[in-house]
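I am attaching a structure below and will ask some questions about it afterwards.
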Amino acid sequence: MKIAIIGAGSSYTPELLEKLGEMREELPVADISLMDADERRLAIVGGFCERYAARLDLPVRFDKTRELPQALHGADFVVSQIRVGGNEARINDEKIPLSFGLVGQETTGAGGFMKALRTVPAMLEIARAVEKHCPDAWIVNYANPTGIVAEAVGKHSRAKIAGLCAGGFCARGWTSLALNVDRDSVRYDIAGLNHMNFSYGINVRGKELTPEQFRAVAAYRGEQDTELCVELGALPSPYLQYYFHTAERVRELRQKKLCRAEQVLLAEKEAYRDFADPACDTKPAALAKRGGGGYSDIALGFVSAVCNDRDSWIVANVPNRGTIGWLPDDAVIETACVANAAGLRPLSIAPVPMAVRGLISAVKNYEQLAVEAAVAGSAGLAELALLAHPLVADWDIVKQMLPKLIDANRQWLQNFHVH
Amino acid sequence: MKIAIIGAGSSYTPELLEKLGEMREELPVADISLMDADERRLAIVGGFCERYAARLDLPVRFDKTRELPQALHGADFVVSQIRVGGNEARINDEKIPLSFGLVGQETTGAGGFMKALRTVPAMLEIARAVEKHCPDAWIVNYANPTGIVAEAVGKHSRAKIAGLCAGGFCARGWTSLALNVDRDSVRYDIAGLNHMNFSYGINVRGKELTPEQFRAVAAYRGEQDTELCVELGALPSPYLQYYFHTAERVRELRQKKLCRAEQVLLAEKEAYRDFADPACDTKPAALAKRGGGGYSDIALGFVSAVCNDRDSWIVANVPNRGTIGWLPDDAVIETACVANAAGLRPLSIAPVPMAVRGLISAVKNYEQLAVEAAVAGSAGLAELALLAHPLVADWDIVKQMLPKLIDANRQWLQNFHVH
Amino acid sequence: MKIAIIGAGSSYTPELLEKLGEMREELPVADISLMDADERRLAIVGGFCERYAARLDLPVRFDKTRELPQALHGADFVVSQIRVGGNEARINDEKIPLSFGLVGQETTGAGGFMKALRTVPAMLEIARAVEKHCPDAWIVNYANPTGIVAEAVGKHSRAKIAGLCAGGFCARGWTSLALNVDRDSVRYDIAGLNHMNFSYGINVRGKELTPEQFRAVAAYRGEQDTELCVELGALPSPYLQYYFHTAERVRELRQKKLCRAEQVLLAEKEAYRDFADPACDTKPAALAKRGGGGYSDIALGFVSAVCNDRDSWIVANVPNRGTIGWLPDDAVIETACVANAAGLRPLSIAPVPMAVRGLISAVKNYEQLAVEAAVAGSAGLAELALLAHPLVADWDIVKQMLPKLIDANRQWLQNFHVH
Amino acid sequence: MKIAIIGAGSSYTPELLEKLGEMREELPVADISLMDADERRLAIVGGFCERYAARLDLPVRFDKTRELPQALHGADFVVSQIRVGGNEARINDEKIPLSFGLVGQETTGAGGFMKALRTVPAMLEIARAVEKHCPDAWIVNYANPTGIVAEAVGKHSRAKIAGLCAGGFCARGWTSLALNVDRDSVRYDIAGLNHMNFSYGINVRGKELTPEQFRAVAAYRGEQDTELCVELGALPSPYLQYYFHTAERVRELRQKKLCRAEQVLLAEKEAYRDFADPACDTKPAALAKRGGGGYSDIALGFVSAVCNDRDSWIVANVPNRGTIGWLPDDAVIETACVANAAGLRPLSIAPVPMAVRGLISAVKNYEQLAVEAAVAGSAGLAELALLAHPLVADWDIVKQMLPKLIDANRQWLQNFHVH
């Protein structure tokens, strides 16, 4: 079995190796192709991987390349963790919206939209290369915004894509920790979109939570939103804070000396210094400052369900096809699926809690416009996408902010044209 | 034929008489019952109506009453133009949201929500009286928010209700004036909700507008939004300004010395002084300052279509029943219908312009929660309704603002309980 | 205004003239183009039309042609009444299915399927000529099976088509005659397909029938099915006899000496003898033996609603687009519409009576397969279409009967290929 | 863990024991309650079970009872295999329809309808007892018609029910045997109803069959229908023979000396003679003549998935809830699900093959009417149900046959009233 890692220069790559070490029995990977457009990062992380694998006693061959065809040739799984423009571009994603009084965040709001515009064309290029070089392979995608990426790839290529995110498993974590039960015994209905989901109907080994248990889990999720969760009858994704506490979050973000992207850049610098040290063969401590953990569990959990053809409950971003009756069939949603060798199948769900249906519809509408804008490279569609986004929504702001956002991203939006 | 006017003390009543004068051939009304809870206004407007009818040479018998059963007995149509709390209550609807930086407006946003909470129980009382005293009569409703009222009455009584608003005919006016064509030759698809609609597929005698004609009509609607209309492919209701230019509208509203309710109160004072003058038998000039014109055309146009069983194209608020596939069947929408003796039937429409679907879904979600909150008198549902409203949406603001709104409306929310 | 009549050699043409005479005020037609592929019939009927118009004092110019482009040039309406293969082909449509113990009927069952295979390609040829020569014109279609034809033309051309049939107005006739009320005061919900419709929610000037009135109307429709109508809560089209009394109808059809096509051929012979008589300038008595009356009322009623832009309640075959939630959006259904200059718009309907939903779904499924089979000229799809038809449904019969049907129609199925 | 077996006097009970023996590790059952209304059969089969369990060395306590409350008390699973009226009643189900030239079969057509009328009230009685005595237990139902039973119980009680049938796994068997692959590696989309399903999109370890492989599997299923399967793009349930080869099946059934029920009665006689023999402690050979094998695999496979909370692909009869967009949400369908401690969740499916949609809709329509008729005990609804059934469909036959069917079943239809 061969895995190709695209964007392998990322500091997330070592986590994958670590997990492969733990799963070596069920996932006997022989070859890993490390592909990255950034030669320096590829060399550093690639070198570290070889030392780390040796230390883990993991019998795997590495191949380092900057070329997609070489990376994809013979691959069974293509793990994508690309970040077009790096954390440098992310600084603009956070700061420009904030300068208009809007949420500035990596995946949510106008910042997430710019990330989508940069990422979608790059992912479509990968998908088309997959169609050509390894058409039976699964793209295991973690590049954000993963829901938008999955919808774009699903609509515009024949490549198979699993849009994954650790966020779909939050309710599992909260419940198991709050109630001291086994993680895998927790299941639920989950409806919505990536970073915009709502978990409900939570059960432990098939027994639905009592109201008291639900309150305890909600409190564990976050004291201040306990009552909100109880009224909604659902546990929102942590990212819902940007929707439900917009004013406060904007106030806080504005007060920070360093934005999140700047903090991450500092942590990355530290991590890459360690990676580059020829003596270093264990995960650097600085990685803990990065967030995003749990990623390798989900990604390789999916890979294992497919390889071993084992029915597995998993939350993923997949085409709706009737799961949520009031969203389009071709809309990608984040929901519980069963994964096995045949891929991902969404499970039917109980009705979505009443009070969040409009919000989900509105954000999905934005996402579908964002996919169209990114694929067509159209500024007109970009305006409509931002207008449709509940966290932007103001035409006057759209008209002033969009040119600034496009200017700041000019180098990554080569197909983009102003109408 | 008998018409009962509920809220007859309103300054809109004379307009109805004037229109009945014009339509006397096709609408031979013998009896008009004027009903109002406010004895003083009823006496003043009632007196004026008698003089005005005499001047119009309209052979109609008037009955003035404060009792619903008396007003409804034998009625064929029940015109409702009630305003619970009057324009005094409206001052709070406008000012309290504004104090939180939100749009404060009669029918849109948190202000409209409070109007809904006051109006829905009163309208349900009327509907139940109609069921009892004149079950075959149509309620012709103008009491705002007319879409929410129509949904509440439709779900919670068997009375027939036509939720009307002149706003559904805006695109007719804009097109006929911009292109110098006959008003009645203009038809279109119209989708959305009351004060939240979008007109598209506009045609004149069946010929769809050219792009140039559409641009001309959009420019007539409002210079500054021409481009927005062209990109949307639709003409939004004027009330969409509160969604698409939120920041600017809030800024302007805050700068006004008098809010709209205060201005209307001044104009009303003037009008009622004239109405009360025993020598006055023509419409006072002050009425022009009130807005809301065109109301009697639509209301009596519907009445005539029913009475004369004449198929007539009309925009109204009716249960969705599949017209917009992604909204619930029981959701009241504002759309083009055919009216005749059998009532109102929505016409099938072309797909709703892509970029406004999420917004319509979100506001409809709010409206359905508002209906539930108003009927149940539940503060918990009221919180969820406001959270679901795109112009509120912030839980911290909801928690602070709702108690203030409820306090200010305490006297009209007798069934309301804080959970 | 110019009307082109395609298949003008039909004996139905004079009826159109007669009706145009009655409607001359509202429908001032200047030119009529008579087009037919059959030179002899065209000469005979064309000659008669000139004499008949003279007698009616109808100031209209006639043009006789065998060429579509000439007929369509400048046309505002294109009335189609073609019958590919004539009544001769119809003999096979009736007799071959009957020889397998199946209903043999012009529009229902396997016979109707063969008529569809012959007619769809011819109508698509007309539609493509309309696109080219008079793209704004309406095709007013009476060629059967009109629902299948309307679906094929709607899916495979951009020409506008109104699929009409007098059968949609049956419930109007039954009600007005049974209750002695004005025809135009009767309206109803009507759901289903052409020759497969169900009328319900019948009202007179907006007042729904009482149970006693409904029973009286059902009895008027046909004594023997009164109870069935009452249980269904709907009045089926007379053609439903072939579904609900299959065995008896097959028995009767088998006992007839002459099949319907043979009877019609005899009546036609008589009529054409009269048409050919240079002294004849009134409708021959033999026409009464043909059936299909009322056709010109509906066709010219639609033409007038469009020309005069007058909202008119009309039953027609139109794309479903959500009217019946459980049928595909692109399925043509027969339902109540409003016609005006903008064309035909289906009206929303009350839920279809429970007990006929499956039958409608099944026949619509057949119709959609029939459209595909006819357009693709595919014997494989033809087998599936017949298998899906509730009146055929048996694979063994399909495999034996279809080759016989195709052989008998070989000359009109030039594009048809056996896979 | 306790299992209650309702209808335990059935000759299927020993199979359950045998399977429990094989699964003793994963399914440690301590108590089995054997309940049957027929004292004699209960004594005979109960006695045999004790001997058989001893021989299997299965440490389980048996309780024999004729009372539901005693059987259900403390039960975790309630396996229902009741047969109201026994195979004696089934003789009428087969012979009466046949005398009208219709398919006479246990679960399909008019015979299946009578079985539904007898079984639904009995199953509702069980379900209500479950609500009371063991509300957390699952009813594992094999009583036919299992889809209709599951819909009736789901709509009219709060008891949890899994409507199972070995027929959903046919495509697994055909594929594994035709292609010599492991049974569990075969998955597919399956759409339709019990005994009316279609399997498609068949894959082996996630790899879809090639056309050649599909043809081979279809040929294995049954030589004569290979081409039909290829054209449909699906493998129909074996019971579809009654729909696709109706005439031939009716002919064959008429020629048989003994109908199926009579054959089964003979085999049962033999089996019960063996069961009653105090020396007999292994499954009698006569059981092989009964059919219905594989039942215990599915039933206990489900029980194990729930008990052990292990995600398992399983075909079951469950409420549709959007899985098939054109069927009602509350319609029970037979489709692939994942089972685990939280119960059964249908998996989203690819579009149902075009040519069978109408047939599925029609039979589902019949089934929903059958549920209503059985619950209401209404002869009027029974008439509509039979009229809606594609294998009956003729009103004249319905009117003659239904009284005969009701008469023959009078003793089991105590709540049934003729309107």
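The first chain written gets the first letter, and so on, giving A, B, C and D; residue counts start at 1 in each chain.
Here is the rule we go by: contacts are C-beta pairs under 8 Å (C-beta built on N, C-alpha and C of every residue); 3 or more make two chains touch, one makes a residue touch a chain.
Small disclaimer: the values here were computed from a predicted structure and weren't measured.
Asker: In contact with subunit A and with subunit D at once: which chains are those? Just list them.
Answerer: none
Asker: Looking at the contacts, which chains touch subunit C and subunit D alike?
Answerer: Touches both subunit C and subunit D: nothing.
Asker: The A-D interface: which of B-C, C-D or A-B repeats it, judged by over half of the contact pairs being the same residue numbers?
Answerer: Repeated interface of A-D: B-C.
Asker: Using C-alpha centres only, name the chain that sits farthest from subunit C.
Answerer: A
Asker: Can you give the whole-Å distance between the Cα centres of subunit B and subunit D?
Answerer: 56
Asker: For subunit B versus subunit C, what separation do you get between their C-alpha means, in angstrom?
Answerer: The computed centroid separation for subunit B versus subunit C comes out at 44 Å.
Asker: Okay, what are all the chain pairs that touch?
Answerer: A-B, A-D, B-C, C-D
Asker: Residues of subunit D touching subunit C in their complex?
Answerer: The contact residues of subunit D facing subunit C are 225, 228, 231-232, 243-248, 326-328, 354-359, 361-366, 368-369, 380, 383-385, 387-388, 390, 393-397.
Asker: Which residues of subunit C touch subunit B in the complex?
Answerer: Against subunit B, the touching part of subunit C is residues 185, 187, 203, 205-207, 306, 309, 311-313, 321-323, 325, 338, 340-343, 345-348.
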